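The structure that follows is given in the form of structure tokens.
Labels run A, B, C and D following the written order; every chain starts at residue 1.
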Amino acid sequence: MPPTTEQACFEAGIKFGSLYHQFAGTPVSPDSTRSLETAMAEAIENQPFCESVAVAIDDDRVADAIDHDNGYTELTGSLMTVEMRIAYEGVTARTRMEMEDGYPLMKLVAVAEAGE
Amino acid sequence: MPPTTEQACFEAGIKFGSLYHQFAGTPVSPDSTRSLETAMAEAIENQPFCESVAVAIDDDRVADAIDHDNGYTELTGSLMTVEMRIAYEGVTARTRMEMEDGYPLMKLVAVAEAGE
Amino acid sequence: MPPTTEQACFEAGIKFGSLYHQFAGTPVSPDSTRSLETAMAEAIENQPFCESVAVAIDDDRVADAIDHDNGYTELTGSLMTVEMRIAYEGVTARTRMEMEDGYPLMKLVAVAEAGE
Amino acid sequence: MPPTTEQACFEAGIKFGSLYHQFAGTPVSPDSTRSLETAMAEAIENQPFCESVAVAIDDDRVADAIDHDNGYTELTGSLMTVEMRIAYEGVTARTRMEMEDGYPLMKLVAVAEAGE
């Protein structure tokens, strides 16, 4: 069985893929960013080993993405920054999604065992 | 081109299918029902012709659906009641999803033209 | 209770919203368009009153949307054309999603009662 | 920056969360299991570092889950087995989702560096 640090990283990845593919495509406008941020964070925090999730949807980027008179766009990775902390059997994994070279990237930021 | 009343009903159906398949599968527990209700309503209200959406997730049914020590379940139609009002060129369509014979049913409740 | 023609249009809308929000966001490349088209059509044809669904994902548009060296993009309405036929108690509703003015639009094309 | 093995496990988790939350909720019946399996596998194989995905939806469990005269159910983890192989900079991670104690569990099966 893989070591605990690797299990923690696997769990951290699951949460990121879940958050992204559950909510990508959600209709969003500057009027509904706050409620969507909260719901996304609280939904994923329900998952096992998920200690905290912070979602920040960028109102300006949402406004810019609305190029039609409909008044809304669909949520994609380029409209938000996400940070998570996963705690798995004494190991903490911190992850982050942010824009890099114009593309949203999910990153494993740091992995630490308790006591380190 | 089909009459305005039929267009209104088509639009009303789109919103229901959207709401359901965007959010079904979301991890939910009694701690996160309120934020999910709000986000679902505000997200779908962004869509064209969608005047109002009310989502009520049933905390007791959510608690009952949690049959594992994980502490959460996934959102399905049997855990919520939804009401919507669509306004399309003078026609108002009211719709509702609720349990009937143990199964969640999406219903077209009433269609009215302005002045009626 | 609203007339059968309106119920048919409501059902037609549900199928469209379902198809869109279930599959929007799916990773897609020119290598996986055919399997995704088939799965989308067969999945939605399971729904009640849904007689036929045809999904055509445009390989050229998919290739153009891949602007990163990842080699894939996420499915959106602008990459596909969809046609459906719904049959509800003797009424047939035909619907279509296609690009119009650079934006994907879901349309109720025609509604006919049997014998018409 | 975390070591390559941990990055590989993070990537492996992302693919699992993506697959699950993109496709959970899809209408499915014994007639549409094969096309859905293929589309799920090919969609996720588009993602970076994803070498292979195998999805097996269990026709008997699908049939058992159809408890309504609608003739279909919605895809959940309890209806399928999934295996993936992720290759990240010389590290291979194998993962699997299967039923355990009546609950679908995503597991990191093995992690190996090239040459091992």
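Everything below uses one rule, namely that a contact is a pair of C-beta atoms (placed from the backbone, for glycine too) under 8 Å apart; a residue touches a chain by one contact, two chains touch by 3 or more.
These are the chains along with the protein names UniProt gives them: A, B, C, D = Dihydroneopterin aldolase.
All values reported here derive from a predicted model rather than from experimental measurement.
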{"item": "Which of A-C and A-B has more C-beta contact pairs", "value": "A-B"}
{"item": "Fraction-based call for subunit D against subunit A, same above half, different below", "value": "same"}
{"item": "Intercentroid distance (Cα basis), subunit C paired with subunit A, Å", "value": "29"}
{"item": "Where subunit A and subunit D are represented by their mean Cα positions, the distance between them in whole Å", "value": "20"}
{"item": "Inter-chain centre distance, subunit A versus subunit B - centres from mean C-alpha coordinates, in Å", "value": "25"}
{"item": "Multi-partner residues of subunit A (at least 2 other chains)", "value": "18, 21-22, 25, 70"}
{"item": "Residues of subunit B that touch subunit C when the two form their complex", "value": "2, 5-7, 9-22, 93, 95, 106, 108, 110-111"}
{"item": "Residues of subunit C touching subunit A in the complex", "value": "21, 24-25, 68, 70, 74, 76, 102-103"}
{"item": "Of all residues in subunit A, those that touch subunit B in their complex", "value": "18, 22, 25-29, 31-32, 35-36, 38-40, 42-48, 70-72"}
